[in-house]
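Each of the next two complexes has subunit A plus one more chain, namely subunit B in the first and subunit C in the second.
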Partner chain A sequence: MSDFKDLDPLLHSQLRLAVISLLVSVKEAEFTFLKEKTNATAGNLSVQIQKLKDANYIEITKQFKDNYPQTMCKITKTGIEAFEAYVRDLRQYLDVKK
Partner chain B sequence: MPEPKLTETESLQLIEQMIGRARQEEKASGWGWILWGWLLFIASVSHYVMIRMGTKGASRVWEFFGYAAILLILWSLVSWYFSRRKGKVKTYTNELVDKLGLAFFISLMVTSYGNNVTDLNPTGANFGYLLLLYAFWMYIHGAVYRFNLLRYGAFINWIGAMAIFYFGQRLGAEVLLVHALCVALGYLIPGHIAQNRLSNKPDRGGYERL
Partner chain C sequence: MDDKLSGIESLAIIDEMIKKAKNHFSEDGSLYLFWGWLILFCSLGHYLLYYFDLSSQPWGIWGLTWLGAAYMVIHARKARRRKKVKTYTEEMIAYVWITFAILMVVSAIVLGRVIPDYHRYNFIVVLICYGMPTFLSGFILKFQPLILGGLFCWVLAFIAGFVDFHYHPLLTSAAVIVAWIIPGYILKSRYRKQML
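Entry: the complex of A and B
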(Lines of atoms letter the chains of each structure in order from A and count residues from 1; the text may use other names and numbers.)
(Lines give C-alpha, C1' and ligand atoms only; values in the text may rest on other atoms or scores of the structure.)
Protein backbone atom coordinates (compact mmCIF):
# COMPACT_ATOMS: atom_id res chain seq x y z
CA MET A 1 0.00 0.00 0.00
CA SER A 2 1.31 3.45 -0.80
CA ASP A 3 2.35 5.69 2.11
CA PHE A 4 1.79 8.78 0.02
CA LYS A 5 -0.86 11.20 1.01
CA ASP A 6 -2.99 12.73 -1.68
CA LEU A 7 -2.00 16.29 -2.37
CA ASP A 8 -4.48 18.75 -0.91
CA PRO A 9 -6.90 19.27 -3.83
CA LEU A 10 -7.63 22.79 -2.70
CA LEU A 11 -4.00 23.77 -3.05
CA HIS A 12 -3.17 21.55 -6.02
CA SER A 13 -4.55 24.10 -8.43
CA GLN A 14 -2.48 26.65 -10.29
CA LEU A 15 -4.14 29.86 -9.16
CA ARG A 16 -4.96 28.86 -5.59
CA LEU A 17 -1.42 27.58 -5.07
CA ALA A 18 -0.03 30.81 -6.51
CA VAL A 19 -2.19 32.88 -4.15
CA ILE A 20 -1.24 30.84 -1.08
CA SER A 21 2.48 30.96 -2.03
CA LEU A 22 2.28 34.74 -2.29
CA LEU A 23 0.38 35.11 0.97
CA VAL A 24 2.69 32.80 2.88
CA SER A 25 5.54 35.20 2.05
CA VAL A 26 3.88 38.46 3.11
CA LYS A 27 1.90 39.70 6.09
CA GLU A 28 -1.14 40.73 4.05
CA ALA A 29 -1.82 41.72 0.47
CA GLU A 30 -4.42 43.62 -1.49
CA PHE A 31 -6.56 41.83 -4.07
CA THR A 32 -4.98 43.96 -6.83
CA PHE A 33 -1.51 42.84 -5.72
CA LEU A 34 -2.53 39.18 -6.05
CA LYS A 35 -4.09 39.88 -9.44
CA GLU A 36 -0.96 41.63 -10.65
CA LYS A 37 1.43 38.92 -9.46
CA THR A 38 -0.63 35.94 -10.65
CA ASN A 39 -1.75 37.53 -13.96
CA ALA A 40 -5.24 36.16 -13.25
CA THR A 41 -8.51 37.79 -14.23
CA ALA A 42 -10.42 39.52 -11.44
CA GLY A 43 -13.37 37.13 -11.81
CA ASN A 44 -11.33 33.96 -11.63
CA LEU A 45 -9.24 35.28 -8.76
CA SER A 46 -12.38 36.22 -6.80
CA VAL A 47 -13.77 32.71 -7.18
CA GLN A 48 -10.51 31.06 -6.12
CA ILE A 49 -9.87 33.26 -3.09
CA GLN A 50 -13.46 32.65 -1.98
CA LYS A 51 -12.72 28.88 -2.05
CA LEU A 52 -9.60 29.46 0.05
CA LYS A 53 -11.61 31.58 2.46
CA ASP A 54 -14.34 28.94 2.75
CA ALA A 55 -11.66 26.43 3.73
CA ASN A 56 -10.41 28.92 6.33
CA TYR A 57 -7.01 29.06 4.58
CA ILE A 58 -7.18 32.83 4.21
CA GLU A 59 -8.96 35.78 5.79
CA ILE A 60 -10.51 38.48 3.65
CA THR A 61 -11.09 41.97 4.96
CA LYS A 62 -13.04 44.51 2.97
CA GLN A 63 -12.52 48.15 3.78
CA PHE A 64 -12.44 51.56 2.15
CA LYS A 65 -9.24 53.37 1.18
CA ASP A 66 -9.54 56.88 -0.24
CA ASN A 67 -13.24 56.23 -0.98
CA TYR A 68 -12.41 53.09 -2.99
CA PRO A 69 -13.19 49.57 -1.77
CA GLN A 70 -10.12 47.63 -0.80
CA THR A 71 -9.94 43.88 -0.31
CA MET A 72 -7.10 42.66 1.88
CA CYS A 73 -6.12 38.99 2.07
CA LYS A 74 -4.14 37.30 4.78
CA ILE A 75 -3.14 33.67 5.25
CA THR A 76 -4.48 31.99 8.42
CA LYS A 77 -2.77 29.51 10.73
CA THR A 78 -4.80 26.74 9.06
CA GLY A 79 -3.60 28.00 5.68
CA ILE A 80 0.03 27.95 6.76
CA GLU A 81 -0.32 24.41 8.11
CA ALA A 82 -2.04 23.28 4.90
CA PHE A 83 0.69 24.88 2.79
CA GLU A 84 3.44 23.24 4.87
CA ALA A 85 1.73 19.85 4.59
CA TYR A 86 1.32 20.35 0.83
CA VAL A 87 5.03 21.13 0.38
CA ARG A 88 5.95 18.14 2.55
CA ASP A 89 3.78 15.80 0.48
CA LEU A 90 5.10 17.31 -2.72
CA ARG A 91 8.68 16.65 -1.65
CA GLN A 92 7.77 13.08 -0.83
CA TYR A 93 6.42 12.57 -4.36
CA LEU A 94 9.43 14.20 -5.95
CA ASP A 95 11.91 12.18 -3.86
CA VAL A 96 10.33 8.94 -5.03
CA LYS A 97 10.43 10.01 -8.66
CA LYS A 98 14.20 10.63 -8.51
CA MET B 1 -13.07 25.88 -18.44
CA PRO B 2 -11.37 23.19 -16.34
CA GLU B 3 -8.16 24.23 -14.59
CA PRO B 4 -4.92 22.89 -16.10
CA LYS B 5 -3.60 19.91 -14.15
CA LEU B 6 -0.37 20.65 -12.31
CA THR B 7 2.46 18.16 -12.06
CA GLU B 8 4.46 17.99 -8.81
CA THR B 9 7.45 19.68 -10.47
CA GLU B 10 5.27 22.47 -11.84
CA SER B 11 3.78 22.98 -8.39
CA LEU B 12 7.21 23.38 -6.86
CA GLN B 13 8.28 25.77 -9.61
CA LEU B 14 5.11 27.81 -9.13
CA ILE B 15 5.71 28.07 -5.37
CA GLU B 16 9.30 29.22 -5.94
CA GLN B 17 8.20 31.72 -8.58
CA MET B 18 5.50 33.26 -6.38
CA ILE B 19 7.73 33.44 -3.31
CA GLY B 20 10.31 35.17 -5.54
CA ARG B 21 7.71 37.67 -6.76
CA ALA B 22 6.59 38.40 -3.20
CA ARG B 23 10.20 39.02 -2.18
CA GLN B 24 10.46 41.76 -4.81
CA GLU B 25 8.23 43.77 -2.50
CA GLU B 26 10.89 43.76 0.19
CA LYS B 27 12.54 46.94 -0.84
CA ALA B 28 13.55 50.31 0.43
CA SER B 29 14.57 53.32 -1.57
CA GLY B 30 17.56 54.48 0.45
CA TRP B 31 16.34 58.11 0.58
CA GLY B 32 16.15 58.07 4.37
CA TRP B 33 19.77 57.29 4.95
CA ILE B 34 20.89 59.51 2.07
CA LEU B 35 19.43 62.45 4.00
CA TRP B 36 20.65 61.12 7.32
CA GLY B 37 24.11 60.40 5.87
CA TRP B 38 24.43 63.87 4.32
CA LEU B 39 23.38 65.51 7.59
CA LEU B 40 26.03 63.60 9.52
CA PHE B 41 28.66 64.09 6.83
CA ILE B 42 28.09 67.86 6.55
CA ALA B 43 28.03 68.29 10.34
CA SER B 44 31.30 66.35 10.77
CA VAL B 45 33.17 68.09 7.96
CA SER B 46 31.85 71.55 8.95
CA HIS B 47 32.86 70.98 12.55
CA TYR B 48 36.34 69.89 11.44
CA VAL B 49 36.78 72.89 9.11
CA MET B 50 35.57 75.29 11.82
CA ILE B 51 38.01 73.82 14.35
CA ARG B 52 40.88 74.18 11.87
CA MET B 53 39.81 77.76 11.12
CA GLY B 54 39.69 78.51 14.83
CA THR B 55 35.98 79.38 14.82
CA LYS B 56 34.60 79.85 18.32
CA GLY B 57 31.74 77.58 19.38
CA ALA B 58 32.37 75.17 16.47
CA SER B 59 30.67 72.35 18.32
CA ARG B 60 27.35 74.22 18.01
CA VAL B 61 27.20 72.60 14.56
CA TRP B 62 25.83 69.52 16.37
CA GLU B 63 23.00 71.55 17.87
CA PHE B 64 21.86 72.45 14.36
CA PHE B 65 22.37 68.86 13.34
CA GLY B 66 20.13 67.83 16.25
CA TYR B 67 17.33 70.15 15.10
CA ALA B 68 17.62 68.86 11.53
CA ALA B 69 17.62 65.26 12.79
CA ILE B 70 14.45 65.89 14.83
CA LEU B 71 12.77 67.35 11.73
CA LEU B 72 13.89 64.34 9.69
CA ILE B 73 12.47 61.95 12.29
CA LEU B 74 9.17 63.84 12.42
CA TRP B 75 8.97 63.85 8.63
CA SER B 76 9.71 60.08 8.57
CA LEU B 77 6.95 59.44 11.11
CA VAL B 78 4.44 61.55 9.18
CA SER B 79 5.29 59.97 5.82
CA TRP B 80 5.17 56.50 7.42
CA TYR B 81 1.73 57.28 8.86
CA PHE B 82 0.32 58.40 5.52
CA SER B 83 1.97 55.73 3.40
CA ARG B 84 1.21 52.75 5.65
CA ARG B 85 -2.26 52.34 4.16
CA LYS B 86 -1.25 53.05 0.60
CA GLY B 87 0.84 49.94 -0.04
CA LYS B 88 -0.75 47.03 -1.82
CA VAL B 89 1.16 44.63 0.35
CA LYS B 90 2.64 44.48 3.82
CA THR B 91 5.72 42.33 4.20
CA TYR B 92 7.22 41.02 7.42
CA THR B 93 10.61 42.34 6.30
CA ASN B 94 9.46 45.93 5.80
CA GLU B 95 7.67 45.83 9.14
CA LEU B 96 10.79 44.50 10.84
CA VAL B 97 12.92 47.20 9.23
CA ASP B 98 10.52 49.93 10.41
CA LYS B 99 10.83 48.63 13.96
CA LEU B 100 14.59 48.37 13.60
CA GLY B 101 14.71 52.00 12.44
CA LEU B 102 12.72 53.09 15.49
CA ALA B 103 14.97 51.10 17.85
CA PHE B 104 18.04 52.59 16.16
CA PHE B 105 16.84 56.17 16.62
CA ILE B 106 15.89 55.61 20.27
CA SER B 107 19.32 54.07 20.93
CA LEU B 108 20.97 56.93 19.08
CA MET B 109 19.14 59.56 21.11
CA VAL B 110 19.97 57.84 24.40
CA THR B 111 23.63 57.43 23.35
CA SER B 112 23.86 61.10 22.35
CA TYR B 113 22.33 62.10 25.67
CA GLY B 114 24.73 59.77 27.52
CA ASN B 115 27.72 61.15 25.66
CA ASN B 116 26.69 64.65 26.70
CA VAL B 117 26.03 64.04 30.37
CA THR B 118 29.12 61.87 30.90
CA ASP B 119 31.38 64.45 29.27
CA LEU B 120 32.49 61.94 26.67
CA ASN B 121 32.14 64.36 23.76
CA PRO B 122 35.44 66.24 24.21
CA THR B 123 37.35 62.91 24.16
CA GLY B 124 36.12 61.97 20.68
CA ALA B 125 35.17 58.49 21.94
CA ASN B 126 31.52 59.47 21.50
CA PHE B 127 31.99 59.11 17.75
CA GLY B 128 33.25 55.57 18.29
CA TYR B 129 30.03 54.64 20.08
CA LEU B 130 27.98 56.29 17.36
CA LEU B 131 29.84 54.34 14.65
CA LEU B 132 29.08 51.12 16.57
CA LEU B 133 25.39 51.96 16.46
CA TYR B 134 25.48 52.80 12.75
CA ALA B 135 27.34 49.57 12.03
CA PHE B 136 24.77 47.53 13.91
CA TRP B 137 21.94 49.08 11.90
CA MET B 138 23.81 48.77 8.58
CA TYR B 139 24.66 45.12 9.12
CA ILE B 140 21.10 44.07 10.01
CA HIS B 141 19.62 46.20 7.23
CA GLY B 142 22.10 44.82 4.72
CA ALA B 143 21.37 41.25 5.81
CA VAL B 144 17.59 41.67 5.67
CA TYR B 145 17.65 43.23 2.19
CA ARG B 146 20.57 41.09 0.98
CA PHE B 147 22.46 44.29 0.17
CA ASN B 148 26.13 43.54 0.59
CA LEU B 149 27.37 47.12 0.24
CA LEU B 150 25.64 47.96 3.52
CA ARG B 151 27.29 45.00 5.20
CA TYR B 152 30.70 46.19 3.96
CA GLY B 153 29.73 49.64 5.26
CA ALA B 154 29.08 48.07 8.66
CA PHE B 155 32.58 46.55 8.75
CA ILE B 156 34.09 49.91 7.78
CA ASN B 157 32.18 51.53 10.65
CA TRP B 158 33.36 48.87 13.10
CA ILE B 159 36.93 49.44 11.96
CA GLY B 160 36.41 53.21 12.31
CA ALA B 161 35.10 52.72 15.85
CA MET B 162 38.09 50.52 16.72
CA ALA B 163 40.47 53.15 15.34
CA ILE B 164 38.77 55.87 17.40
CA PHE B 165 38.96 53.81 20.61
CA TYR B 166 42.55 52.69 19.91
CA PHE B 167 44.00 56.10 19.06
CA GLY B 168 41.81 57.91 21.57
CA GLN B 169 42.59 61.57 22.07
CA ARG B 170 45.71 61.28 19.89
CA LEU B 171 43.36 61.56 16.91
CA GLY B 172 42.25 65.03 17.97
CA ALA B 173 39.91 66.79 15.55
CA GLU B 174 40.68 64.15 12.91
CA VAL B 175 38.16 61.96 14.70
CA LEU B 176 35.58 64.03 12.80
CA LEU B 177 37.14 63.01 9.49
CA VAL B 178 37.09 59.34 10.49
CA HIS B 179 33.42 59.77 11.35
CA ALA B 180 32.69 61.57 8.04
CA LEU B 181 34.53 58.91 6.03
CA CYS B 182 32.65 56.06 7.73
CA VAL B 183 29.35 57.84 7.13
CA ALA B 184 30.20 58.40 3.46
CA LEU B 185 31.14 54.76 2.92
CA GLY B 186 28.40 53.29 5.08
CA TYR B 187 25.40 55.51 4.32
CA LEU B 188 25.97 57.77 1.36
CA ILE B 189 27.47 55.47 -1.24
CA PRO B 190 25.12 52.50 -0.56
CA GLY B 191 22.16 54.90 -0.26
CA HIS B 192 22.84 56.56 -3.61
CA ILE B 193 23.44 53.22 -5.33
CA ALA B 194 20.17 51.87 -3.90
CA GLN B 195 18.30 54.98 -5.01
CA ASN B 196 19.81 54.75 -8.47
CA ARG B 197 18.83 51.10 -8.83
CA LEU B 198 15.30 51.85 -7.67
CA SER B 199 14.82 54.59 -10.26
CA ASN B 200 16.23 52.38 -13.02
CA LYS B 201 14.47 49.18 -12.02
CA PRO B 202 11.47 50.11 -9.85
CA ASP B 203 10.18 46.54 -9.96
CA ARG B 204 13.30 45.12 -8.34
CA GLY B 205 13.71 47.24 -5.29
CA GLY B 206 16.60 49.28 -4.08
CA TYR B 207 18.98 46.66 -2.84
CA GLU B 208 19.63 43.22 -4.03
CA ARG B 209 22.91 41.38 -3.75
CA LEU B 210 25.18 44.28 -4.49
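Entry: the complex of A and C
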Protein backbone atom coordinates (compact mmCIF):
# COMPACT_ATOMS: atom_id res chain seq x y z
CA MET A 1 0.00 0.00 0.00
CA SER A 2 3.00 2.31 0.16
CA ASP A 3 2.45 3.12 -3.52
CA PHE A 4 -0.71 4.93 -2.52
CA LYS A 5 0.87 7.22 0.02
CA ASP A 6 0.57 10.24 -2.31
CA LEU A 7 -3.05 9.66 -3.21
CA ASP A 8 -5.55 11.94 -1.53
CA PRO A 9 -6.61 9.83 1.49
CA LEU A 10 -9.98 11.55 1.56
CA LEU A 11 -10.82 10.30 -1.91
CA HIS A 12 -9.06 6.97 -1.60
CA SER A 13 -12.06 5.42 0.05
CA GLN A 14 -14.68 3.34 -1.72
CA LEU A 15 -17.77 5.31 -0.70
CA ARG A 16 -16.28 8.82 -0.79
CA LEU A 17 -14.75 8.13 -4.21
CA ALA A 18 -18.11 6.84 -5.44
CA VAL A 19 -19.90 9.96 -4.16
CA ILE A 20 -17.38 12.33 -5.75
CA SER A 21 -17.50 10.39 -9.05
CA LEU A 22 -21.29 10.74 -9.09
CA LEU A 23 -21.23 14.42 -8.19
CA VAL A 24 -18.60 15.22 -10.81
CA SER A 25 -21.03 13.95 -13.45
CA VAL A 26 -24.12 15.94 -12.42
CA LYS A 27 -24.94 19.49 -11.41
CA GLU A 28 -26.34 18.53 -8.01
CA ALA A 29 -27.89 15.45 -6.47
CA GLU A 30 -30.20 14.63 -3.61
CA PHE A 31 -28.94 12.47 -0.73
CA THR A 32 -31.39 9.72 -1.73
CA PHE A 33 -29.97 9.65 -5.27
CA LEU A 34 -26.45 9.11 -3.87
CA LYS A 35 -27.74 6.43 -1.52
CA GLU A 36 -29.56 4.64 -4.34
CA LYS A 37 -26.56 4.67 -6.71
CA THR A 38 -23.90 3.73 -4.14
CA ASN A 39 -26.03 1.16 -2.26
CA ALA A 40 -24.69 2.63 0.98
CA THR A 41 -26.59 2.84 4.26
CA ALA A 42 -27.95 6.25 5.18
CA GLY A 43 -25.80 6.40 8.29
CA ASN A 44 -22.51 5.58 6.56
CA LEU A 45 -23.30 7.91 3.66
CA SER A 46 -24.07 10.79 6.07
CA VAL A 47 -20.73 10.33 7.81
CA GLN A 48 -18.79 10.18 4.53
CA ILE A 49 -20.44 13.19 2.89
CA GLN A 50 -19.85 15.17 6.07
CA LYS A 51 -16.11 14.40 5.72
CA LEU A 52 -16.20 15.60 2.10
CA LYS A 53 -18.01 18.74 3.21
CA ASP A 54 -15.47 19.43 5.98
CA ALA A 55 -12.71 19.29 3.34
CA ASN A 56 -14.75 21.73 1.21
CA TYR A 57 -14.99 19.11 -1.58
CA ILE A 58 -18.78 19.31 -1.64
CA GLU A 59 -21.53 21.70 -0.60
CA ILE A 60 -24.53 20.43 1.29
CA THR A 61 -27.81 22.34 1.24
CA LYS A 62 -30.63 21.30 3.52
CA GLN A 63 -34.10 22.46 2.62
CA PHE A 64 -37.74 21.43 2.86
CA LYS A 65 -39.54 19.88 -0.10
CA ASP A 66 -43.28 19.22 0.34
CA ASN A 67 -42.77 19.38 4.12
CA TYR A 68 -40.00 16.74 4.01
CA PRO A 69 -36.35 17.57 4.62
CA GLN A 70 -34.22 17.37 1.51
CA THR A 71 -30.42 17.26 1.41
CA MET A 72 -28.81 18.41 -1.82
CA CYS A 73 -25.13 17.79 -2.53
CA LYS A 74 -22.99 19.60 -5.07
CA ILE A 75 -19.29 19.27 -5.88
CA THR A 76 -17.18 22.42 -5.35
CA LYS A 77 -14.27 23.76 -7.43
CA THR A 78 -11.90 22.39 -4.76
CA GLY A 79 -13.63 19.02 -5.06
CA ILE A 80 -13.26 18.95 -8.85
CA GLU A 81 -9.57 19.85 -8.58
CA ALA A 82 -9.02 17.16 -5.93
CA PHE A 83 -10.80 14.58 -8.09
CA GLU A 84 -8.73 15.52 -11.14
CA ALA A 85 -5.52 15.30 -9.10
CA TYR A 86 -6.61 11.92 -7.71
CA VAL A 87 -7.25 10.53 -11.21
CA ARG A 88 -3.92 11.94 -12.43
CA ASP A 89 -2.03 10.35 -9.52
CA LEU A 90 -3.87 7.09 -10.00
CA ARG A 91 -2.98 7.03 -13.68
CA GLN A 92 0.67 7.68 -12.85
CA TYR A 93 0.62 4.84 -10.33
CA LEU A 94 -0.94 2.44 -12.84
CA ASP A 95 1.60 3.46 -15.50
CA VAL A 96 4.42 2.72 -13.08
CA LYS A 97 2.91 -0.69 -12.36
CA LYS A 98 2.80 -1.63 -16.10
CA MET B 1 -12.40 -2.33 3.00
CA ASP B 2 -11.16 1.16 2.12
CA ASP B 3 -7.59 0.28 3.07
CA LYS B 4 -7.59 -2.56 0.54
CA LEU B 5 -8.72 -0.38 -2.37
CA SER B 6 -6.37 -1.02 -5.27
CA GLY B 7 -5.70 1.23 -8.25
CA ILE B 8 -7.81 -0.96 -10.51
CA GLU B 9 -10.67 -0.94 -7.99
CA SER B 10 -10.50 2.84 -7.72
CA LEU B 11 -10.76 3.17 -11.49
CA ALA B 12 -13.63 0.67 -11.55
CA ILE B 13 -15.55 2.71 -8.94
CA ILE B 14 -15.03 5.95 -10.89
CA ASP B 15 -16.07 4.29 -14.13
CA GLU B 16 -19.14 2.62 -12.61
CA MET B 17 -20.39 5.78 -10.88
CA ILE B 18 -19.90 8.00 -13.92
CA LYS B 19 -21.80 5.44 -16.01
CA LYS B 20 -24.59 5.27 -13.41
CA ALA B 21 -24.94 9.06 -13.39
CA LYS B 22 -24.86 9.15 -17.19
CA ASN B 23 -27.44 6.39 -17.57
CA HIS B 24 -29.83 8.01 -15.14
CA PHE B 25 -32.40 8.97 -17.74
CA SER B 26 -34.71 11.68 -16.44
CA GLU B 27 -36.36 12.65 -19.72
CA ASP B 28 -39.76 10.94 -19.67
CA GLY B 29 -41.07 12.57 -22.85
CA SER B 30 -44.10 14.07 -21.09
CA LEU B 31 -43.57 17.63 -22.33
CA TYR B 32 -42.98 16.48 -25.92
CA LEU B 33 -46.23 14.52 -25.73
CA PHE B 34 -48.16 17.34 -24.08
CA TRP B 35 -47.08 19.96 -26.61
CA GLY B 36 -47.22 17.51 -29.49
CA TRP B 37 -50.86 16.62 -28.87
CA LEU B 38 -51.86 20.21 -28.06
CA ILE B 39 -50.29 21.62 -31.23
CA LEU B 40 -51.73 18.74 -33.27
CA PHE B 41 -55.21 19.55 -31.89
CA CYS B 42 -54.79 23.27 -32.62
CA SER B 43 -53.34 22.86 -36.11
CA LEU B 44 -55.88 20.25 -37.22
CA GLY B 45 -58.66 22.27 -35.58
CA HIS B 46 -57.46 25.38 -37.41
CA TYR B 47 -57.54 23.58 -40.74
CA LEU B 48 -60.93 21.95 -40.14
CA LEU B 49 -62.51 25.23 -38.96
CA TYR B 50 -61.24 26.84 -42.16
CA TYR B 51 -62.12 23.92 -44.46
CA PHE B 52 -65.72 23.51 -43.24
CA ASP B 53 -66.09 27.26 -42.88
CA LEU B 54 -67.08 26.89 -39.23
CA SER B 55 -65.41 30.06 -38.04
CA SER B 56 -64.34 33.39 -39.51
CA GLN B 57 -61.31 33.29 -37.20
CA PRO B 58 -60.02 29.71 -37.31
CA TRP B 59 -56.69 30.84 -35.80
CA GLY B 60 -58.54 31.63 -32.55
CA ILE B 61 -58.05 27.98 -31.55
CA TRP B 62 -54.36 28.75 -30.96
CA GLY B 63 -55.40 30.61 -27.80
CA LEU B 64 -55.29 27.17 -26.19
CA THR B 65 -51.50 27.28 -26.34
CA TRP B 66 -51.54 30.05 -23.68
CA LEU B 67 -53.41 27.66 -21.38
CA GLY B 68 -50.80 25.07 -22.32
CA ALA B 69 -48.00 27.44 -21.36
CA ALA B 70 -49.64 28.11 -17.97
CA TYR B 71 -50.03 24.36 -17.36
CA MET B 72 -46.41 23.79 -18.36
CA VAL B 73 -45.12 26.33 -15.82
CA ILE B 74 -47.03 24.50 -13.04
CA HIS B 75 -45.87 21.10 -14.34
CA ALA B 76 -42.22 22.24 -14.54
CA ARG B 77 -42.33 23.51 -10.94
CA LYS B 78 -43.78 20.20 -9.70
CA ALA B 79 -41.27 18.17 -11.73
CA ARG B 80 -38.40 20.24 -10.34
CA ARG B 81 -39.55 19.48 -6.80
CA ARG B 82 -39.73 15.74 -7.56
CA LYS B 83 -36.24 15.58 -9.08
CA LYS B 84 -33.50 13.79 -7.17
CA VAL B 85 -30.73 14.98 -9.43
CA LYS B 86 -30.04 17.93 -11.69
CA THR B 87 -27.79 17.33 -14.65
CA TYR B 88 -25.95 19.75 -16.93
CA THR B 89 -27.74 18.16 -19.89
CA GLU B 90 -31.17 19.00 -18.49
CA GLU B 91 -30.10 22.55 -17.77
CA MET B 92 -28.81 23.00 -21.33
CA ILE B 93 -32.02 21.60 -22.81
CA ALA B 94 -34.14 23.85 -20.57
CA TYR B 95 -32.29 26.92 -21.88
CA VAL B 96 -32.72 25.74 -25.48
CA TRP B 97 -36.50 25.56 -24.98
CA ILE B 98 -36.60 28.91 -23.15
CA THR B 99 -34.77 30.43 -26.17
CA PHE B 100 -37.36 28.81 -28.43
CA ALA B 101 -40.27 30.21 -26.41
CA ILE B 102 -38.78 33.72 -26.49
CA LEU B 103 -38.16 33.42 -30.27
CA MET B 104 -41.76 32.35 -30.85
CA VAL B 105 -43.28 35.22 -28.85
CA VAL B 106 -40.93 37.92 -30.18
CA SER B 107 -41.22 36.79 -33.80
CA ALA B 108 -45.02 36.60 -33.61
CA ILE B 109 -45.28 40.13 -32.17
CA VAL B 110 -42.57 41.85 -34.22
CA LEU B 111 -43.04 40.11 -37.57
CA GLY B 112 -46.81 40.39 -37.18
CA ARG B 113 -46.39 44.15 -36.96
CA VAL B 114 -43.84 44.75 -39.71
CA ILE B 115 -44.86 42.21 -42.36
CA PRO B 116 -48.18 42.82 -44.11
CA ASP B 117 -50.35 39.66 -44.35
CA TYR B 118 -48.02 37.94 -41.90
CA HIS B 119 -50.60 35.19 -41.31
CA ARG B 120 -49.61 33.86 -44.74
CA TYR B 121 -46.05 33.27 -43.53
CA ASN B 122 -46.60 32.66 -39.84
CA PHE B 123 -46.49 28.86 -40.07
CA ILE B 124 -43.26 28.92 -42.08
CA VAL B 125 -41.58 30.84 -39.25
CA VAL B 126 -43.20 28.50 -36.71
CA LEU B 127 -41.85 25.41 -38.52
CA ILE B 128 -38.35 26.91 -38.73
CA CYS B 129 -38.53 27.69 -34.98
CA TYR B 130 -39.85 24.17 -34.10
CA GLY B 131 -36.85 22.64 -35.82
CA MET B 132 -34.27 24.47 -33.68
CA PRO B 133 -35.02 23.19 -30.13
CA THR B 134 -36.00 19.76 -31.43
CA PHE B 135 -32.75 19.31 -33.33
CA LEU B 136 -30.59 20.70 -30.52
CA SER B 137 -32.34 18.63 -27.82
CA GLY B 138 -31.79 15.52 -29.93
CA PHE B 139 -28.14 16.42 -30.34
CA ILE B 140 -27.62 17.09 -26.61
CA LEU B 141 -29.49 13.91 -25.59
CA LYS B 142 -27.84 11.96 -28.43
CA PHE B 143 -31.36 10.89 -29.38
CA GLN B 144 -31.81 10.37 -33.09
CA PRO B 145 -35.63 10.60 -33.33
CA LEU B 146 -35.46 14.23 -32.13
CA ILE B 147 -32.58 15.05 -34.50
CA LEU B 148 -34.59 13.64 -37.40
CA GLY B 149 -37.72 15.42 -36.12
CA GLY B 150 -35.88 18.76 -36.14
CA LEU B 151 -34.65 18.16 -39.69
CA PHE B 152 -38.18 17.16 -40.72
CA CYS B 153 -39.53 20.52 -39.43
CA TRP B 154 -37.04 22.38 -41.62
CA VAL B 155 -37.90 20.26 -44.67
CA LEU B 156 -41.59 21.07 -44.08
CA ALA B 157 -40.76 24.78 -43.66
CA PHE B 158 -39.09 24.61 -47.07
CA ILE B 159 -42.08 22.80 -48.62
CA ALA B 160 -44.44 25.34 -47.00
CA GLY B 161 -42.79 28.01 -49.17
CA PHE B 162 -44.35 26.31 -52.19
CA VAL B 163 -47.76 25.44 -50.72
CA ASP B 164 -50.84 27.64 -50.31
CA PHE B 165 -50.85 29.06 -46.77
CA HIS B 166 -54.27 27.55 -46.01
CA TYR B 167 -52.59 24.12 -45.93
CA HIS B 168 -49.78 25.20 -43.62
CA PRO B 169 -51.62 24.00 -40.48
CA LEU B 170 -51.61 20.49 -42.00
CA LEU B 171 -47.84 20.68 -42.46
CA THR B 172 -47.58 21.79 -38.83
CA SER B 173 -49.63 18.74 -37.79
CA ALA B 174 -47.24 16.47 -39.67
CA ALA B 175 -44.27 18.27 -38.06
CA VAL B 176 -45.44 17.75 -34.48
CA ILE B 177 -46.33 14.09 -35.08
CA VAL B 178 -42.82 13.34 -36.34
CA ALA B 179 -40.82 15.80 -34.23
CA TRP B 180 -42.56 15.57 -30.84
CA ILE B 181 -45.26 12.90 -30.57
CA ILE B 182 -43.30 9.91 -31.90
CA PRO B 183 -40.05 10.82 -30.04
CA GLY B 184 -42.18 11.57 -26.95
CA TYR B 185 -43.57 8.01 -26.90
CA ILE B 186 -40.10 6.54 -27.48
CA LEU B 187 -38.71 8.60 -24.57
CA LYS B 188 -41.65 7.55 -22.38
CA SER B 189 -41.03 3.87 -23.10
CA ARG B 190 -37.27 4.26 -22.42
CA TYR B 191 -38.01 6.02 -19.13
CA ARG B 192 -40.46 3.30 -18.04
CA LYS B 193 -37.95 0.57 -18.84
CA GLN B 194 -35.39 2.33 -16.63
CA MET B 195 -37.89 2.45 -13.77
CA LEU B 196 -38.45 -1.33 -13.85
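The rule is short, and it goes like this: the second predicted complex is superposed on the first by the 93 of 98 C-alpha atoms of A that agree within 3 Å, B and C clash if a C-alpha of one lies under 4 Å from a C-alpha of the other, contacts with A are read in each partner's own complex, and residues count from 1 in each chain.
Heads up, the rule we're going with is that contacts are C-beta pairs under 8 Å (C-beta built on N, C-alpha and C of every residue); 3 or more make two chains touch, one makes a residue touch a chain.
Since the structure is predicted, the reported quantities are computational estimates derived from the model, not experimental observations.
Model built by superposing both complexes on subunit A: subunit B and subunit C clash. In the superposed model, A:K65 makes contact with both subunit B and subunit C. In the superposition on chain A, A:F33 makes contact with both subunit B and subunit C. Looking at subunit A, you'll find residues 12-15, 17-18, 21-22, 24-30, 32-33, 36-38, 65, 87, 90, 93-94, 97 touch subunit B in one structure and subunit C in the other. Interface residues of subunit A, counted against subunit B in their complex, comprise 7, 12-15, 17-18, 21-22, 24-30, 32-33, 36-38, 65, 87, 90, 93-94, 97.
Partner subunit A is touched in their complex by these residues of subunit B: 3-4, 6, 8-9, 11-12, 14-15, 17-19, 21-23, 25, 85-86, 88-92, 95.
Interface residues of subunit C, counted against subunit A in their complex, comprise 1-3, 5, 7-11, 13-14, 16-18, 20-22, 24, 81, 83-88, 90-91.
Those residues of subunit A lying in contact with subunit C across their complex are 1, 3-4, 12-15, 17-18, 21-22, 24-30, 32-33, 36-38, 65-66, 87, 90, 93-94, 97.
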